[in-house]
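Next come the structures, one after another.
Both of the next two complexes hold subunit A, though its partner changes from subunit B to subunit C.
Take a look at the complex of A and B:
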């Protein structure tokens, strides 16, 4: 890196400048405007002139049951689905790494779900889980239990959302863990095999600790991405029944585009940002402690 | 003996997952060819055996009888290819700068930037009553110039290096997108009032999606460019060939596999993106995901039509996944996780 620092150095600004400006102007600068608005009561329909309310919007959010409900829903979906994604994804990566029969076929197929639009996946799930016309209830019927209202009963709807998340994002975990497995030094495993250390202990004492930093990163990415979920919920249940499956992003969207309550939506999205930052910091601190104990 | 047991378990898991993974896709693929009766009388699975396949749903979709299909398809294609090309190009340039040059940015100058930007905006807009776009533009210029000048001064405090700059780019992805999407919507609406149409326009979407794709592009291309050997470039520099020519004539051609892989990933993200399109478009420039999300309420149980719409969005991504899958086998992507 930076071998050529000094000579003709100033051209570096021309290289990085455009990307820097685009991110600054599109992603960061509007935030300033939204931050100002989040301290105001401002409504489009019916139009209400902007009025400074200080932390009023934030206080209202923190005391609203709907906010905590959407927090809870989002957390349940994210934590349960990421736990499954990690375990299944890691197991699949191990299987692929050890070249199970047909590994090359699985490789491409397993990648597929994460490249599909979440709205498509949700539409497909609507058909598959349909109470009368869907294949899942068809199979359930054969087992003696039929016509389960998957999408209209809150807990079941959340279970379906979790299933969708697992279906779509386990490949991501598998892909990265597989790349991690392939980058591990082979000699250690050869030595362990020669010493007749059983497979389970090889995994527990060598593979898992060596991949722990990668695991921490992969789970972190999935948690952060998971918290943003809106498209699947939007299509699958629209947040219903009632607001039982409403996630944070959907809640913010509904405030802004159904009630046109701009100050509220801005405050809500900043609250959301703070939640993500606090949570991310806590997670990384905890992860560092765990990694250090293993290392 | 014991290893064989584990292998069998691995195979079992892979097969179960294969079924779990493929069945929904199979179901949507066959549903697109079903006549209405094959849907409304309970689930059917095997064409020719369970039902007579028909192309009627495809004909309906493309005849334009049932809502506009071409519009969203075309705007999806235009917007996603243009935004992918722009963000991969700008991202590669930025990544090149991050790999080959050294950046030193004082934390203090970054903080100054933030303070001037926020404080200046509040002052101009709230106190002096300027319009939002003007205030933002003025603040941007003032804050940026001041920050650049301050960075030259020998001030105390930590100095950020290239890794921090890269992290700054990537950290845009950690933001909940609703924060910037909503803020961008407000700004576009203000620009619209000032006579510049950004909402529901090609340029508005292009700009938003370029920024959306940049973090990936910078992050992935940095890894690819690090593996491009330096010697060729050094030889060219001895011959006094300018940096820009080196970049366009040597670096870009040499990192072609990386460019393809990055473009595929960025393209997939933009093609599937929902929230920005939902907020920033309203009619003319609606993209496919918005059309598809609307199918549900407008079509109800007309699954054959829904399936056709879903398939149109899925098929290009199958091609993308296949290309990436082949690249992955050649070990190309394994470098990017470090």
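Take a look at the complex of A and C:
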């Protein structure tokens, strides 16, 4: 009896085997491999044999001003741009939902930035904000304030990066919020109209709370995606001047592909993962407190 | 002067005319039911009253105020929707009190009115629940509560009972009617259910293709339908219609002849073809009865009475008979027709003769 049960068990494991193997090879192995490397000092060019250093890489990262600088830069870009993306995107969605004149035309043009590759967007922005050739500085010049060093002055460069993020990803927010708006029950708003609730209160008391769960999800997606920003920064400023606009991912890239310091790069990637998880968890916990009031 | 009036109101959606010129006057405190088949324009009419649709032309007035182009909120109507349209994220208490809160009513008044409404509608134990934790009937009661705390000029109901099960519908029907009696607020109620219309209304407005076919109290509609449409729509099972010829004071179809009452005979004279209408429940023994023979196809016993479904010539016919009435499908049978209850309609205009 016990024997048959035992044999049944082993067959069960045999069936799970292939799937487990696939997961192991495809997902877990690279992760574990990277984790192991993050505890080693290992360099490709010039080659340096792997040497176990324990938490040495992590300690170095946490004591590095460059890491905290990139952390700050990334956070500034992400939080400011996502806030603007959400507000502008929601406003656009509302305008489209209420069929402002020419809504069908806007619907298409508003979405275009999202379809462009970030590298292209950055190239366009590089021309637009060029200190001598760009139209922005031309316009500024006409207003008597020409030649603003948009890409070489740290704060301005970050502002430009934020602008690009907003420009490119607001349509994504608008699209999702529009879908949310269109899925709301129309009768609820008709009831509010008959009850003489002004438009602003309808938005504040009905639309906004009903879309709160969606808003939380949209902002979450944008936060996570935003933390990964590298392509626009890479093309536009390369992290400069100095490391003033270097984001976390760009920092990791520079370590890995300029210094070929793989141990450090792995450790950075895991630090980055932890940062995102911490921010994500804090955000979701905060969001849950707010949504629970309306659930 | 009428409390609510629609004068020459029309509604077009693009090139489609939904409401040809429509006139309707509603007295203060009256319970009006708009009834008709799907797409007859009853809901559009109600929504025009609410201001959720704009009339293409014509004039609408409520309580002496011309409101044709007024926003919904300016009309002092309260509306109850088929899908309840409750604010899903607010408790029952907040749902009922929300409009008052927005309009700056003081908190004590809000509390009093919400509690009064909740007591009236049996919602007191549910005040702190969210709509998703309520049953359909409870939700609809909340929607009604939300309408009545506003103390509006007019209540508008858009098929409020359609989403409820049959038993609950009957209960709510009575509740709404009693509530309206008690509050005395002018009420316009839309339904496609003729039983609902008959049982609740002071006056039923039967609509078809955007036109008012007849507006009258329930008994008048039943006893003196203005035309064939109303006769067919009101009553269940529906009235039977047979094409007949009026000759020598009798209605003839095929080889059968049913003697008319003296009054009918005098009024109709000899006029050739008419549509003869008789309700299934009027096929019964009576002082002025005439025998009608037909071919039964099916028998449907309902308990208190039995429906016999059959044919006269090619025309379908339903008779409501005593449960013990002996009838076998496939064998000709004869029923008595109460000729005092016969209706006659013009075959062309379908108007009552």
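The rule is simple: the second predicted complex is superposed on the first by the 265 of 295 C-alpha atoms of A that agree within 3 Å, B and C clash if a C-alpha of one lies under 4 Å from a C-alpha of the other, contacts with A are read in each partner's own complex, and residues count from 1 in each chain.
Following the convention adopted for this analysis, a residue touches a chain if its C-beta (ideal position, glycine included) is under 8 Å from a C-beta of that chain, and two chains touch if they have at least 3 such contacts.
In this text the structure is predicted, and so the values were computed from the model without any measurement.
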Subunit A residues touched by each partner, larger count belonging to subunit B or subunit C: B
Subunit B versus subunit C as contact partner of A:126, first or second or both or neither: first
Touched partner set for A:196, first subunit B, second subunit C, both or neither: second
First (subunit B), second (subunit C), both or neither touched by A:91: first
First (subunit B), second (subunit C), both or neither touched by A:182: first
Which of subunit B and subunit C A:209 touches, first, second, both or neither: second
Those residues of subunit A which subunit B touches in one complex and subunit C touches in the other: 198
Subunit A to subunit B touching residues, read off their complex: 1-5, 8-9, 11-16, 18-20, 22-37, 88, 91-92, 94-96, 98, 100-113, 115-121, 123-128, 132-135, 138, 167, 170-171, 175-176, 179-180, 182-183, 198-199, 214, 224, 227-228, 230-231, 234-235, 248-249, 252-253, 256-257, 262, 265-266, 269-270, 272-273, 276, 280
Subunit A-facing residues of subunit C, complex: 50-52, 71-75, 77-79, 81-89, 98-99, 102-103, 130, 143, 146, 150, 156
Interface residues, subunit B side, partner subunit A - complex: 2-3, 6-7, 10-11, 13-14, 17-18, 20-25, 27-28, 31, 39-40, 42-43, 45, 90-91, 93-94, 96-103, 117-118, 121-122, 125-126, 132, 136, 139-140, 162, 165, 169, 172-180, 182-184, 186-187, 190, 207-208, 210-211, 214-215, 218, 230, 237, 243-244, 247, 268, 271-272, 274-275, 278-279, 288-289, 292-293, 295-296, 301, 303, 306-307, 309-310, 313-314, 317-318, 320-322, 324-326, 328-329, 331, 333-334, 336-338
For the subunit A and subunit C complex, residues of the former touching the latter: 185, 187-188, 190-198, 201, 205-206, 209-210, 294-295
